[in-house]
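Both of the next two complexes hold chain A, though its partner changes from chain B to chain C.
Moving on, here comes the complex of A and B:
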């Protein structure tokens, strides 16, 4: 994706069904779809099912890193890997989630130069994935992507992106794969006016987001202030792990065996560093016993350690953890406090 | 090695021996002849070992790589998976992934003195290097072992101490509590060498330029390192084998992450200087 020179096209909204049909040729199309009052990333057949009107709370991460996944089965004294992947198109991923997928890509890929280990369960799905981003016309409550440098317009990490310009979609390509899909639709190149319009939409969205901080360089400041911030917010935390389970970059997992009688299956499932048992040692001790220590781990991992590991922050400013927290602990408040000295 | 890091190789327990009432020594060989021949590790590394149906745990390899065709694990019964291993006998099938992690810096210490200090089952994480150094005895200077357990019955590898002494290792054993007819040292392992000696304990002089390898319970490691530093040992020459809750062994599951390090990938062996830095990341006050 990195060496491809992208192009920008304009697509009349009437053509959106044709666009979806073209995507369907690339694999199963998954897009935000309204189900009751929920907006979920679900397989769709028709363009009419796609709902871009709201920002989904639902996290597309589960399509590359499912909540539970079978790793292998042991049967008749043979270990059989259960690697499952299929061609998939994620349509309508928001810029924050596109950035999150870039984090997951680096983490589960061979990011360590020496002894790099590729996680085939996640990476095979990544390889089979086509990403169609949807740039945000408006923010929702708790959005702070502009402070994290990931949005509201996606600049990389996708095959195609859409920006809603009213009657048209502005379509950007960032990969050969994306370009090939768009070639079939014979779209005109976008005009300079349309590019200006996109820039205005970005500015409008940023203004509406109204974020009063910028996290650039936070990894250099965090060590001084993180202890006080972690302690302050840990007081309110009820340790439900919701922040981790809704985070698009959280990648920690646990593994366990299920005895099916004639076979044994090893499954892996999401885990949460906020839970006490996460660091439970055989002797009965805990590496991070206090809630504050666990809150610090979560903040440090997202705002410092991944910069050391693979070069970027791993909080994208999507605001999901803030949205779901029953104790009203908001990530944007913690980031702001860290930047301003606790 | 398979490119899928989560798939264990099948292996068979060749011998299961009780070391103490809560620790069992398993001698293990891979079923695949090719793997059995080519598989090797460095002293200090660990494997992820599966009791199928129960789960997987990280265990330090207790044997030396000089032992060929098989390897040994000393497993303490301390949870669901380890208790499954305790009910196993010779002939039972298990799964093995690895070896993982770094190793004791024995390869950088040719001609130097090495002291191993261990507590309880911690000896199983150092016995690998001790046995290796004994097999390469002429390549090293003075070798020394300081080992302590709570009670005599909890000492592991007891039938080897004489052999180690004969091989030229200064073996020093102590127990925390006097029990029955125990005639040896009574006192903490740190009291063997620190400045608060116990009355029933013969003091040991650690060669001042020795590299010191430490493994045991967290508290023991903590005080051991403090005392060594007090005696003037350089924090870069004290090495510690840390444990961590580890599910994957390859730096992905996230459990053993402390600071920017993963114990499984960047460790389990850290210099005391590194440990001091890591400890800071655990605290908030």
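Moving on, here comes the complex of A and C:
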């Protein structure tokens, strides 16, 4: 994806069904779809099921890194890996999640590959994945992507992206794979007016988001303030783990072996650094016993450690952790407090 | 909450963003709700005990045996020799069918469920005061209260979503008053935290009312228009006596008089005010008096029948409200229609196709009474669904002896310590495997939908109950679907009359309807007793005098033990302890003890101690912590291998028959 320059096209909205048909040739298409009164990332058959009207809470991370996954079975002293992969198109991923997938690529693939290690369970799925981003026309309550430099318009990390220009979609390509899909539709190149329009939509969304801080360089400021901020917000934390589970970049997992009698299954499942048991030591003590210490770890990891190790912040400003927090602890408040000195 | 299913297995959950109460928030038990479903420990075959060991059996064998033994017991000893424990984890429809099995098929009112152990005193107390025994208001109203009094509820651990809303209400300016012996998380955010000794609630509640009347902060108009005046005058006479002055109350409760006065004035002068309570109020030998006193308090301030006010007992299981509503109680038919009322008996008999004069017309036995009756031989057959008295009941050593006696049938999803004592074990389906409805703590009836097929040979509870009934020559417990059962409920239960399957299965009510809902046109009821017009007519004050708990610390057993739950486990731990994430968080029982007490006894943090009461002994780890005051200790009761209920006292509240779990005397020594 990295060396491809990319092109920009205009697509009449009437062509969206053809676009979806073209995507279906690349694999199972998953898009935000109305289920009950919620929007969930679900497999779709035709374009009419796709709903871009709201930003879903649902996290597409599950399609590459499931909540629970059987990774191998042990039977008759033989290990049988259960590598599951299928061609998948994630349609309508928001820019924050596109950025999150780039983080996941580094955590599970790019970085460790230099040492000859690659997590096949996640990376096989990543390799078979086509990402079609949808740039946000409007923000949601807890959005702060503009402060984290990940949105509201995606600039890289996708195969195709869509921007809603009213009658048209602006379609951008960032990979050979994306270019190949779009070429079958014979779309005209976007006009300069359309490019200006996209810029205006970005500005409008940023204005509506109304974020009064910018996280650039936060990794240099965090040491001074993190203790006070972590302590302050931890007082309200009820330890549900939701901020980790629904963080699109959180990638910690735990494993357990399940004896089914005829075979043993190894299962891996999402873990959370906000749980005390995450740092359970022999003898029944806990490295991070106090909730404040766990909150500090979470903030340091998102806003500092991954900058050092992977060259990227791992908070994308999607606001999911704020939305799912039963105690109304908001990540945007913590980031702002860290930047402003506690 | 949505379940993610892959290849017939539940592999995850998705929070429901559009749900008006949860708003996409879950507690850790919700995030990990899928982890126990496919546990290898799930029961998937009926089991019959032969020669002291369980052997697998076919459904026909097991069901025939149960029906045959139950019928035989009724023939030889009468219907009252059978007992039935229904389950607050099961659906409304299953609870309805279970009580119908007891009442119509076997003609016994010996039906009860675990609400007896948690909110029996709420139902009794609020029914007497208001005419309805449920949470008066809705959860989201807490956000708009001007003051919130939380007592006997560790809300952020036991009802985390509600706890979060209380924290948020505090941030929005509500005054928060926490009254709890332990320094719980909410206490750290409170305007005032009072720490009464466990078991002294009537004393401080009366003193609150004393201060409010003394300061003239009562709502005179509300009292005049909406309360039975004689009852108010009688109650007033008692609480105004000098023994309930803050100064004299301090001697009993150890709450500083000045703080009590401040809290009472703060609460009464910031209206609308809401009281939130739970087990710390109900699980006492004076539980019903505690609840009545809370009702007294809210009535005299005029905090009942309006938005963001109310007496709000938080129910502790997914469907404990529904199990009560469905009449899984020895004194009520479904919908709180008394079993002793002959016109109701006739109505039910007609609908159920039995003769009214054959039905049991007397109030049946409660859970703890049934266990005792099993021990004494008065109950010969006991059918327990989704309950685990071998961990949840008080005075377990005695419970165990009693449960060994009768012909015991246990229906569950796991082999619980109770099931181990059974003669027949029937494998049931989990919540992910069944269709039906649940009723939440705020009286909202909503759908649960099947995500996967029942595992192995396990079956939904309503099917199993129907089969037993058929084999005992009663066809009335077999239905084609839960929808058909709800339809029958709609016809017989006035408060559920308008909550039809069609409505709550539709997009119009994706999150259910709150009872009372008398007709199909009715939108449901957010808060009860609107405008102060109580279900019983006028509100009734009750005279409640403080009585000492039956067992107080003495020189031999010098500590006051109180028990409770923690955020990571659910009741007897049969599900949560099988979730690797929840189990890792807290793996074993512990005792919270104040650092000063610990140091006197030479007990170190994490050290192993023996805790002994007059009824039993357990060995646990010490958690040395300021959370408990001196002289008070706390043990979570989820853990079967160190069951706190081996220590607790089985003395019952005379009004509601709830055991006084929350106070007993223990001694502690290093192990």
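Here is the rule we go by: the second predicted complex is superposed on the first by the 337 of 342 C-alpha atoms of A that agree within 3 Å, B and C clash if a C-alpha of one lies under 4 Å from a C-alpha of the other, contacts with A are read in each partner's own complex, and residues count from 1 in each chain.
We adopt the following convention: a contact is a pair of C-beta atoms (placed from the backbone, for glycine too) under 8 Å apart; a residue touches a chain by one contact, two chains touch by 3 or more.
For clarity, every value in this text was computed on a predicted model and none was experimentally measured.
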* To do: Specify the outcome, clash or fit, for chain B and chain C once both structures are aligned onto chain A.
  => fit
* Which holds for A:323: it touches chain B only (first), chain C only (second), both, or neither? -> second
* To do: Give one of first, second, both or neither to describe whether A:38 is in contact with chain B, with chain C, with both, or with none.
  => second
* To do: Could you tell me if A:245 is touching chain B, chain C, both of them or neither one (first, second, both, neither)?
  => second
* To do: From the overlay on chain A, compute the angle at chain A's CA centre subtended by chain B and chain C, rounding to the nearest 10 degrees.
  => 80
* Which partner does A:235 contact after superposing on A: first (chain B), second (chain C), both, neither? -> second
* Give one of first, second, both or neither to describe whether A:271 is in contact with chain B, with chain C, with both, or with none. => both
* Now for A:25: first (chain B), second (chain C), both, or neither, which partner does it touch? -> neither
* Would you sort A:83 into first (chain B), second (chain C), both or neither based on which partner it touches? => first
* Touching A:68 in the superposition: chain B (first), chain C (second), both, neither? -> second
* Touching A:57, do we find chain B (first), chain C (second), both, or neither? -> second
* Partner, of chain C and chain B, that touches more residues belonging to chain A -> B
* After superposing the two complexes, find the smallest distance in angstrom between C-alpha atoms of chain B and C-alpha atoms of chain C. => 11
* Which chain A residues are contacted by chain C in one complex and by chain B in the other? -> 254, 256, 259, 271, 280, 285
* Asked: In the complex formed with chain C, which residues of chain A make contact?
  -> 35-40, 56-58, 62, 66-69, 235-236, 238-242, 245-246, 254, 256, 258-261, 269, 271-272, 275-277, 280, 284-285, 323-328
* Asked: Touching chain A in the complex: which residues of chain B?
  -> 3-8, 10, 50, 52-57, 76, 78-79, 82, 93, 95, 217-218, 243-245, 247-248, 250-255, 257-260, 265, 281-285
* To do: Please give the residue numbers of chain C that touch chain A in the complex, ascending.
  => 2, 4, 6, 11-18, 23-28, 30-31, 34-35, 38-40, 156-157, 160-161, 163-164, 167-168, 171, 185, 188-189, 507, 510, 567, 580-581, 584-585, 606, 621
* **In the complex, chain A residues that touch chain B** => 71-72, 74, 77, 79, 81, 83, 107-108, 112, 115, 117-121, 226-227, 230-231, 234, 251-257, 259, 264, 266, 268, 271, 273, 278-283, 285, 287-288, 290, 292-293, 295-297, 300-301, 304-305, 308-309
